[in-house]
Amino acid sequence: MYLKAILLFPLIGILLLSLIRSYRISSFLNTLFSFLSFASSLLLLVKRESAGLFFVVDELNIVFILLTNFVGFTTALFSQHYIAHEIKTGHISAVSLRFYHGMYQSLLFGMNLALCSNNIGLMWVAIEIATLSTVLMVGIYRTAEALEASWKYFILGGVGIALALFGTFLFYISARPAIGEGLSAMAWTNLLSHASNLDTSLLNIAFVFILLGYGTKAGLFPLHAWLPDAHAEGPTPISAVLSGLLLNVALYAILRFKMLLAANPHALQAGPLLMSMGLASVLFAALMLYKRRDIKRLFAYSSIEHMGIIAFAFGIGGALANFAGLLHMSMHSLTKSAIFFAIGYISQIKRTQKIADLSGLTASHPVLGWGLVFGVLAIAGLPPMGVFMSEFLVLSSAFAKAPLLAALLACGLIIAFGALLLKLVQVAFGEPKGTSTVVPSLYLPMLSHFLLILIAGIYIPPHVVEWFKHTSLLLK
Amino acid sequence: MNHNLYFDITHMLAGSMLLVSFVLLYQDRMFSLLNVYTVHALVLAAAAAWQGFVQQAPHLYATAVIALVFKAIAIPLTLRWLIVKLAIHREIEKVVGSGISVIAGFFLTALSITVMMKASGGTDPMTREDLSFALAVVLIGLLMMAGRRNAISQVVGFMSMENGLILAAVGAKGMPLVVEISVAFSVLVALIVIGIFLFRIRERFDVVDIRGLEKSGGER
Amino acid sequence: MNEYLLKGLLFIFIFYISFVVLAKNNFRFIYWLSVCYSGFGLLCSLSFLLSGQSSQSISFPLGLPTTGAHFKIDALASFFLLIVNLGSFVSSFYGIGYGSHTSEQSRTLPFYIIFLGSMNMVLLAADAFSFLFFWELMSLSSWALVMSSHQHKETAEAGFIYILMASLGTFALLFALSLIAAPSKSYCFDQMGKVSMDGKLASLIFLLALLGAGSKAGLIPLHVWLPKAHPAAPSHVSALMSGVMTKVAVYGFIRIVFELLPSQEKWWSILILIIAGISTVVGVLYALMQHDIKRLLAYHTIENIGIVFIGIGLSMAFKIYGMTAASALAMTAALFHALNHSIFKNLLFLGSGAIQSATDQRDMEKLGGLILNMPHTAFTFLIGSVAISALPPLNGFVSEWLLMQSILQSPQLPSWGMKFLVPSVGAFLALSAALAASCFIKVYGITFLGRPRSMQSTVASETDRWSVLAMYALAFLCIIFGIFPRLVIHLLGPVVRAIAATHYFPLSAKSFFMPLSLVVDQNAYNGFVLVLLLGIFLFFILISVKWLSSNQFRRTPIWDCGYPEKSPDCQYTANSFAQPIRKVFGPFLFATKEKVVCSEPWYPKAAKMIVKLHDQIWEYLYKPVAMAIDRISEKINFLQFLTVRRYLVLVFLTLVCLLGCLAFLL
Amino acid sequence: MIKNLVFQCFDAFFLLAFSPLVIGIIRKTKARFLLKQGPSLLQPYYDLMKLFRKEVTLPDSASWLFKATPYVVFTFSWLAASLVPTFSTNLLFSKTADLIAIVALLGTARFFLSLAALDAGTSFGGLGSSRESLIASLAEPAMIMIIFTIALVAKSTDLSAISTFMISGQAGLRVSLWLALASLVLVAIAENGRIPVDNPATHLELTMIHEAMILEYSGKYLALLEVASQLKIVLYLSLVAAVFFPFGMSTMGSGISSFFIGLFTYIAKIGLGASMLGFFEILVAKMRLFKIPNFLGAAFMLALLATVLLFVSRSL
């Protein structure tokens, strides 16, 4: 029932919000619906339903459902004030506003559906819904840059869609002889239990397509091209959700498929593939960070880097590294969205996204400035924040298993850290410059994320550990 | 009819789709490109219908109808209208020449056949060959997108890729209808979005050339 | 009882950190709290060391899931706790007064607390995660402290290099610890050291530990951040960073290499000795070339860390060849020097802080004559200078004497390489001690003596009483540990026994005060008798001179061989003082270029001398890397500006490549 | 114990009384070799008496350090000198400091002297101080290598133990010891500021080092510093004697006759050493400042060679 609820609330939200014209009501309703889905996802913790042919809630997705709805809710909160200012400055028209809120709920719906679907076809549909909603939202400012970013996202995303769909077909075809025709051959639970009987070679080809298809969504190098622009040109709440959630959902899909491969003893080792793509993403993003001049694009590249780390972690495999990967996914989404919250207000206050025009924020705007410092240090993997723990686990298991690659990864991390720090010092320290406007802002979303990652850096609840551990075993 | 004939006809339909893909690759005029694409969609419709007949799966007829009405008639007409309206019916600018792209297409076909033949030892030969043709069509569609500068021709490339996907889907026995509908749905959405885009682009630029669109190229 | 102490330490830590929120900007409160906190830590470590109990450990279900957070106090940890808390005790005390001279307290206070706490916790941590957690937290909080004067451009650069090097070090340590943890499948230190290991792997771990700890401690060539970052922080923080944090790095090195690794290879000690020897001499030569007083002190840290590592390297060499007694002696010397350095380096940094707050100057060329205006600072700084120059009868000499004695044990090493290497290191040590002395003649002479070179220096006044008290406390320790070195050696007993399996100076109840002398083989040094004799001789001379000579005196203008010059600019400067040494060592080490610009006789203009020093390590080791990264990022930046079609080509090629791999490889 | 204390006290005061005479001997020797009459052997004593009686002038800018330094320098030098065995080994306080500590005591004295030179804020003071630091820094490694060589042979850095060992003749004739001796002589010349490193007899010369440092001193302070530098010369001469020519030394516990024999041989040895130093000084000319690193480098190389040869000869 709760499962239905997390799907139903956004659905109602889509319908209702695309009709309401008033900003006040619609933004409130947007937050309310996000909160309702968050609340029902919390209830999901208490009572879990058994897997059906279409939906499933298990150890792997429960954390992500919870996380998605939580970040969805906090972002909705953040977006209330953010969008209010955008309307005031005339960046967003009334029509676009209806569109925006509708699409926001449709994005949440898509992600929830993708996370709890037990059917590879349904998951594909869900991810497409989510992608298309974000495509539309990225272009909402209608500036040349925004449209271009949106177009880029659409074309590359479309190709990704096609590739992922082909992969999905291939999975079905490989499963058909073992499970039989029809829907049951597309259900995760069935696929997993019959994994060792699936057609091995088809599975390999299918995985390549899935990796490229969903990898495009996850922004792995060299499929990343849409990501920086989409983050930079869209409204900041969307950047937060993109980085914090949609990338995770795409990776989650890859993980599901990797699980099948892992359960089949003869199938291709997905590890090296993920590792090399992850490593390439980390190194590439790290080097790209240095020449960035737009602060949102900077953190978009940082997201690519972190997706690379996660892919690398799953690529290494083993209980520890998989655990680390899952942890890193959750930590990254919390941290990165919080950073985007801070940046959103900062760019509104300073009316610029150019790094060179921002300076001395800790002096002029202590909460935002120090918030940004905290977030960047957290994302760079410094204690006592959660990313430190996940990076510790990733690197330490990598050092033990593949020292050379791990050393390369560490190099990439240091290079990226250097770049982020360089920009951070420029933005947060020094003498403040430029004029600033007063912007109504709500720090609660940002601070709540920070509190969570702070706690996670020191203590992870045993339940979460259990879920992650169980999943790690399945992932091999 | 005996089993061999079934097989041959399936083979022929899939093969002709690949052939049409090659023809698409070869085109260098806007209208003829659309015409060839219509043929592509028609062959797909035929293949879907044939599969529906062979597998005795009535829902595949629906797929065939969708392909016929939507891809073979509606979309080419829309695009033709767009081309006229935007006055871009000139030669397609290619990055590489037709000859080279056709050779690349051959390589891709060879690759997909190698991959599929090597792979599906356990599956029946019909699915296997069907799949290898479908994969080739998908790859060629992608090649087209990568090799053309013009937005319309890229869209055509994209759609031929979708056709390849559907070819694979209809070849797979017992594939639930959910998937086809979703494909149709996605194509529909894709078109709508493209339409919105074209209009928006029209508001600001006079050409639907991606180069014009990419003028700003992000941050400098 | 110690269990309670350990628990107390941990709980008070949490309690203490949580006070940041309450105290806001009441800096006196925070510093008093820090005094109490480090005082408690000091008591804990002393009681542990004196009671001679075995280790106590405790664990919490925090930190790494399933492993938990483990904390342990043992002899080694408690000795370094002593160093850390002694330093932070005095620095916090100093902060009570010094705090009023600094602006923007909110940028230092929270991080100061975290810094102190994390240094303590690194020492207590007993699993890899907690260790690195607090290690990195220590770097992070000290980075924030460095960044507290964020308006200066150099600070940003210093902080940047610092935190990058710190992360490099952390990654290296993480690498090392992961490799140790891998076979035993546990991150807990207690289980980690128990597995035997392949020699090559152990060597890799050693190199990584050296890289990790060395970069934090400031061994050459990993030192580049140190002289930039340490001076940038507020002075009491510089004192902690230089005097104390580097010791935490030494602790980390000893913990990993001597405890977690089952055995040591022969060439390790050779490598350590070479690096440490070079660090001592090059560190002090760099220091001699400086005229920023805090930067100079920071360079001296490199030298002293080199000395500590010489002791560690010797101890390792002796241990490998089974000479446990000599190993214990060298380790005693190393640890003693670590303690000494933390004391006098703290003292000197606090003194420089007092100068800075009195004159607003760190450049020695603008100071002078402060001995008249700041008598207490001047006196304590003099004590610190004598101590750091390794001159008797103060503590710096005792540890260097012990180190020399352990160097004298080296001919018994069977390896020929070591036979030649160790005496050369001894020569390096002697050279560095003498150069340190001349460096501090320069520092003291230019800063405190002579005539004031600037207005601020003329009108400077003595610093506040808290700061003075803090400095006197440290100066007192310098003297006490020089006269009664056995006090420290007694404390070191359990530590050295834990590392080197034996203790050179036998521990007995009697040996606490008597005999006061240190005896190695037949060689002896007795600080107490020495001071006693000095006192008697001095007394005799004072009496007899008073009786013998005329007691008339009068003040006159300076004579200066008949060429007196009124302008203070005609005094020797820091730069000119170092000129002979620069001329001897400079061309080789710094590629110095000196150029004298004299105007033509008919066009009178001040003559100028331009000295250019190049940090060759920076230019040949670090700059190329930075340039390479910059160039690569410039080269690949075009990937941001491709057209959609080109991105599609990328996707397409990736797909084809992967399919090709499937087709032809599998 | 009491006897030992008496001997030790005698040693200290004997050195104090004897050291100006050594300077007298050096000056006399130099004068004689230059075919001059030269001042009386007792002239240094007269000079000191004169200085002690004179009024002190203090520079305006001088601080308390300026006044304290002569006492500090004197005390440290005197203590260091009286810790070196002269006529007898194993005196009461010989276990207080070994050779390394004695050298370091001189270092403390030099440290304070160099500081005092900077105190008045003159250009000459800084010049002397800066050059002295250079020489001291370069001499230090050579000294340590010498100590190392000696300690390797005698298995100790304790001077009494070294002398006892050397007297016993176990050391034999070793090339290393001769090299070490040569090196020690070079170091001693540099440390004491004798020709060719420094010329104690000149003023108003840009090459002066030690004299430049004490330029502002007068009266009793100057006298104390003079005595301190004389004690330092005696110290080095005694060091050479005790390590390389220890014959005739008495040891604690032996009779009064051996005490007298020791004392007279000691006076003879020091006298001989002083006149050899005087002779050497008239043979060479003062060096340029930047030749001194080469000079001390040679000392270091000799000492290093001594150590290496020692390994070869006995494979310790």
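The letters A, B, C and D name the chains in turn, as written, and every chain counts its residues from 1.
Here, contacts are C-beta pairs under 8 Å (C-beta built on N, C-alpha and C of every residue); 3 or more make two chains touch, one makes a residue touch a chain.
Here the structure is a predicted model, which means the values were calculated and not measured.
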Chain pair showing more contacts of the two, B-C and C-D: C-D
Centre distance in Å when subunit B and subunit C are each reduced to the mean of their C-alpha atoms: 69
Length of the line joining the C-alpha centres of subunit A and subunit D, rounded to whole Å: 78
Centre-to-centre distance between subunit D and subunit C (centres being mean Cα positions), rounded to whole Å: 35
Between subunit C and subunit A, distance of the C-alpha-averaged centres to the nearest whole Å: 43
Contacts with 2+ other chains: residues of subunit D: none
Multi-partner residues of subunit A (at least 2 other chains): 151, 155, 159, 201, 204-205, 228
Residues of subunit C engaged with two or more neighbouring chains: 640, 644, 648, 651, 655, 659, 662, 666
Chains touching one another, given as label pairs in label order: A-B, A-C, B-C, C-D
Residues of subunit B touching subunit A in the complex: 115-116, 118-123, 127, 131, 134-135, 138, 141-142, 145, 154, 158, 161-162, 164-165, 168-169, 172-176, 178-179, 182-183, 185-186, 189-190, 193, 197, 200-201, 204, 210, 213-219
Touch list for subunit A against partner subunit B, complex: 121-122, 124-125, 128, 132, 135-136, 139, 142, 144-145, 147-151, 154-155, 158-159, 161-162, 165-166, 168-170, 172-174, 176-177, 180-183, 185-186, 199, 201-202, 204-205, 228-229, 232, 292-294, 297
Complex interface listing, subunit A residues touching subunit C: 151-152, 155-156, 159, 163, 201, 204-205, 208, 211-212, 216, 222-223, 225-226, 228, 268, 273, 284, 287-291, 323, 360, 362-363, 377, 382-384, 388-389, 392-393, 395-397, 399-400, 403, 406-407, 410, 413-415, 417-419, 421-422, 425-426, 429-431, 458-460, 462, 465
For the subunit C and subunit A complex, residues of the former touching the latter: 61-66, 128-129, 132-134, 136-137, 140, 147, 150-151, 156, 159-160, 163-164, 167-168, 171, 174-175, 177-179, 181-182, 187, 629-630, 632-634, 636-637, 639-640, 642, 644, 647-648, 650-651, 654-655, 658-659, 662, 666
Subunit C residues touching subunit B - in the complex, by the definition given at the top: 640-641, 643-645, 648-649, 651-652, 655-656, 659-660, 662-664, 666
